[in-house]
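Below you'll find a set of structures to go through.
Paired with chain B in one complex and with chain C in the other, chain A is shared by the two complexes that follow.
Right, the complex of A and B next:
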């Protein structure tokens, strides 16, 4: 599969085609961020169970019975409940910016959530998700066994990018026709220039001499911004 | 069309769309519900327009910011429109009233295999131990056996209690925590080419058979069988159902048929998940019976046997008869 023009050919991005005829990109989460999410969840569960234990001790045997039932629910149903009712993410996943979705990018379905979480029992073998880790590095979607069976993937939640406007400059038509890739590069540069140090911004601007007609940093930078203003369609003041 | 004009022309529409998507996940304080509903009804059309704008923005080489923004909106709309509505109560009712027994009937061959793997060793052990009582020590250590004998001592006031866990409610916790966990592990073990499921079915069959055979032979027959008769129908059937679910996973790996292994697994897990829901539900009820009814010594063993047989019949009738016909 060749990458869509303009999209990066990174191997952790999967495109899914929607019925509306556009492709949506899923950014797959790897073993490390998922392990962190699991550790956070483990800590939360452990703390919760400890607090509950202290609260229930005065109740004696009755308290122990309640505690065991709660432990059962926390061990097996905690991830399922959060995945179904809280946007496909346990608190740990939420903190790491992850969420679980079906293979087709839709919110995780109930049977899939139950399946992938019950199968943790196998993924955990022989200890600390050994099998799950091996499965994850053996397939291109970082799926542990439970994900393979349930048809789910763990992805990064899209964080809204803070829109940075192209800095204003008198628009300037390009001397030569720009290719699509070139005009994208110019726009990306203009959008990001505010986040670069002046030296780096000028160094980068010095590279595309064909577009700017000059290797002189500050001038080239100004030319690129002018080109960008032309590309997005600003009119001369 | 140039980018600025494109943004200017559609900006208001996009903001409304983003607000609506955000409102779904955050609280709706200060929002106008009537306006929300109008937008909701119009969502499919708006979503398709966003998709069109995204395709245009990519094709025309607009900047990364606007493409990313439209992509985020398309993802949000896709999630909102393609999420399956959840109606847990009515679905649960339909599952209990028809879906579950139908599923079990359609899986009767897998179920028969799981039952054979579980009840075969169980019955074999019970019979074997009547003739060779010492065989039990191959399966259970003498210490453990003494503890089990104490639980079913005819002189005990309550049956089936360990010294550490001596109230009904504590035992309820133990049963739920332990039995349903075993069912889940039996299911998950199917993913190891069925070997895990085989192990749990055979091991539990042998162990339960060893206990039953030994206690029968050692003269604790009445207390033991009257204790287990009440919850046996639900508990043993639940274990067999979990085993069948695990075997389905295992078979999908060993003999996927015309599907790829991955597809076969997904198909098997869909049905297996249904079996596991049912098994967990049955074990959950069984835990209550086992904790509150089975240990009673005030009740005559004959009544307990009668109740046990009635429950077996009820379970059989449920799986054989419920959910047939169109009205169910």
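Right, the complex of A and C next:
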């Protein structure tokens, strides 16, 4: 994994180039969201075990024995089972929009999952994931020790929500061909123009003078929207 | 503000990602940030602790209360770093006193749960009073919740680190010293020695020094993310780049002169063949360079068996080298010896077992295969089975006994009769020491199926009657008599 190529700017994304020449961005998850995911899982497990305890109490010592066995299994297999059979995410991770994958971005493999979860015992040291927390803060990919050994990373799955509707305007083809990044910038502007103050929207539209052909705020804003309409494929009737 | 010089990658992030970006920021600028932090925290901490040395708990409380002050040192450094150059520790300390909202953040807003998120409004935007409040209100919309989660999370982290440090001591304390140095002794031991109090304060300070910069950085990143979202910084940067690219490049004078000179030189050159022009002189080298890249790097290890002639004959220099792997090889040889010994031992044991089995069971096979030399025993289990000792009509006598109620005696007579028949007629080699089941097993090897079936039923009935006092029903007993007659009586008659 390498940092985002062509940019020295700081980010928490790691790019992976597949053999097919496709760039995949992994948006790595850090200590705060993962701690909350763990707390949610802890709460779920605790609640489940409490309910089971209440159910098994009438059985006396047999109930205690069964409860202890179930506890052992839940403690060790809960994350593994969810990571293998539920798309790499325990319920807590799912709620936080997280997911475990291999270093190369493929779904987490069986033994990697077993390894990273067995090593929780090490990350937990001395108490309550002290070591895991420090490792996560120090490591470039927010890996705790289990992740380092198993070769896995925890990433965000859901995309940040953006308004996707481009306001309608008569389409207009750009005078100069735009690169991919530039088309993206124009589209991004059109999609987010509704969330900006009018002043800011016009200020932004005034920047690419050569593209819009005008320095006048409201007009430039309209031009950019027209370009965006062209870019998403709307054509004049 | 010059976004071109902005050191963070601008994009829309979800708030959790923004916090992680804070962590990455601290990782990149840890040196100036921590330097500024310690430059403020250590002296202030030392002074506070010395003043309150009789009440170190109060010292820790004071340090906790002063956190917003220390936060500013970290924020000052990170703010500078994000927008250009990270200021030094000394410059940071000198810049702090004049910053707005310092007093408010230490009093009115000390318990604000979105502390690190609001800090940049005061410290970097330099807003005061109502202005700052209005600004914070705008930023808080849709972002305050996450800022609060961040604060709670960092509180938990701090607690985790403190508890971990004590846990570490507890883990490393040998058992006999637990009462003095163990986990419990640190907090509710009988003696609260001075050094324990100092240790607690030191651990607290250590944990804060690890987590608090992280907290400030994450809050700052959350703030930047919110502003990026509100003001579309990422769009602004992209549009600026677009404008720069579409601007016609102004040829600089030097470049222009060089271009002119080149043009002039070309005019004097003789016509060059196109092919030669296409193949640039450095092309081969460039290709070699490109092929050196890891993407083109292909090594394959192919293993296959190859016939090397009859027998193994290594000359001395061909012998595999044993210097580096000697230890492993010795281990391997040792394991091989152990396996060899095990194999021989196992083979010996198997052989011994086979011999024992043969010896143990050979006599019976011999007896079974040589029935002709068998002389029938006179009695079995103390029962006389000579035909002369039995009544002529065994089933008749037996059924008569059943009618009188002596079922047990009737079964005994049937049993004796059956044994007598088996021994004298079928020449079954029953020994004097055989049990009922030995008889049954031997009968199975030689006798007809219906005899075996009958004998099995009879043995069961007889054993029940003789040893368990379970006398069968009258009808069942009579049936056994009838069965005897059907099997044996025809011959006897």
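Everything below uses one rule, namely that the second predicted complex is superposed on the first by the 191 of 237 C-alpha atoms of A that agree within 3 Å, B and C clash if a C-alpha of one lies under 4 Å from a C-alpha of the other, contacts with A are read in each partner's own complex, and residues count from 1 in each chain.
Operating definition for what follows: a residue touches a chain if its C-beta (ideal position, glycine included) is under 8 Å from a C-beta of that chain, and two chains touch if they have at least 3 such contacts.
Source: prediction; values computed, not measured.
**Student:** Looking at the overlay, does A:231 come into contact with chain B only (first), chain C only (second), both, or neither?
**Tutor:** first
**Student:** First (chain B), second (chain C), both or neither: which does A:38 touch?
**Tutor:** neither
**Student:** Identify the partner contact of A:188: answer first if only chain B is touched, second if only chain C is, both if each is, neither if none is.
**Tutor:** A:188 sits against chain B and chain C alike.
**Student:** After the superposition on A, what does A:158 contact: first (chain B), second (chain C), both or neither?
**Tutor:** It touches chain B and chain C both.
**Student:** Applying the document's definition of touch, where does A:82 land relative to chain B and chain C: first, second, both, or neither?
**Tutor:** neither
**Student:** A:110 in the overlay: touching chain B, chain C, both, or neither? Say first, second, both or neither.
**Tutor:** first
**Student:** Could you say whether A:72 touches chain B, chain C, both of them, or neither, answering first, second, both or neither?
**Tutor:** Touch status of A:72: first partner only.
**Student:** Report, in rising order, the residues of chain A that make contact with chain B in one complex and with chain C in the other.
**Tutor:** Correct list for chain A: 4, 158, 160, 181, 184, 188.
**Student:** Mind pulling up the chain B residues that touch chain A in the complex?
**Tutor:** Going by the criterion above, the answer is residues 1-5, 25, 47-48, 51-52, 54-55, 58, 61-65, 67-69, 71-72, 74-75, 78-79, 82-84, 86, 165-167, 169-174, 176-177, 180-181, 184-185, 187-189, 191-192, 196, 249, 262, 265-266, 269-270, 272-274, 276-277.
**Student:** Which part of chain C faces chain A closely enough to touch in the complex?
**Tutor:** These residues of chain C touch chain A: 6-14, 16-17, 19-21, 23-28, 149-150, 153-154, 156-157, 160-161, 163-168, 170-171, 210, 214, 218, 229-232, 234-236, 238-243, 245-247.
**Student:** In their complex, what parts of chain A are in touch with chain C?
**Tutor:** Residues of chain A touching chain C: 4, 7-13, 27-33, 35-36, 96-97, 125-131, 133-134, 137-138, 140, 142, 156, 158, 160, 162, 176, 178-179, 181-182, 184-186, 188-189, 192, 195-196, 200, 204, 207-211.
**Student:** Which of the residues in chain A come into contact with chain B in the complex?
**Tutor:** So the residues of chain A in touch with chain B come to 4, 6, 18, 20-22, 24-25, 61-62, 64-69, 71-72, 75-76, 84, 87, 105-107, 109-111, 114-115, 118-122, 145, 148-151, 158, 160-161, 163-164, 166, 180-181, 183-184, 187-188, 190-191, 228, 231-234.
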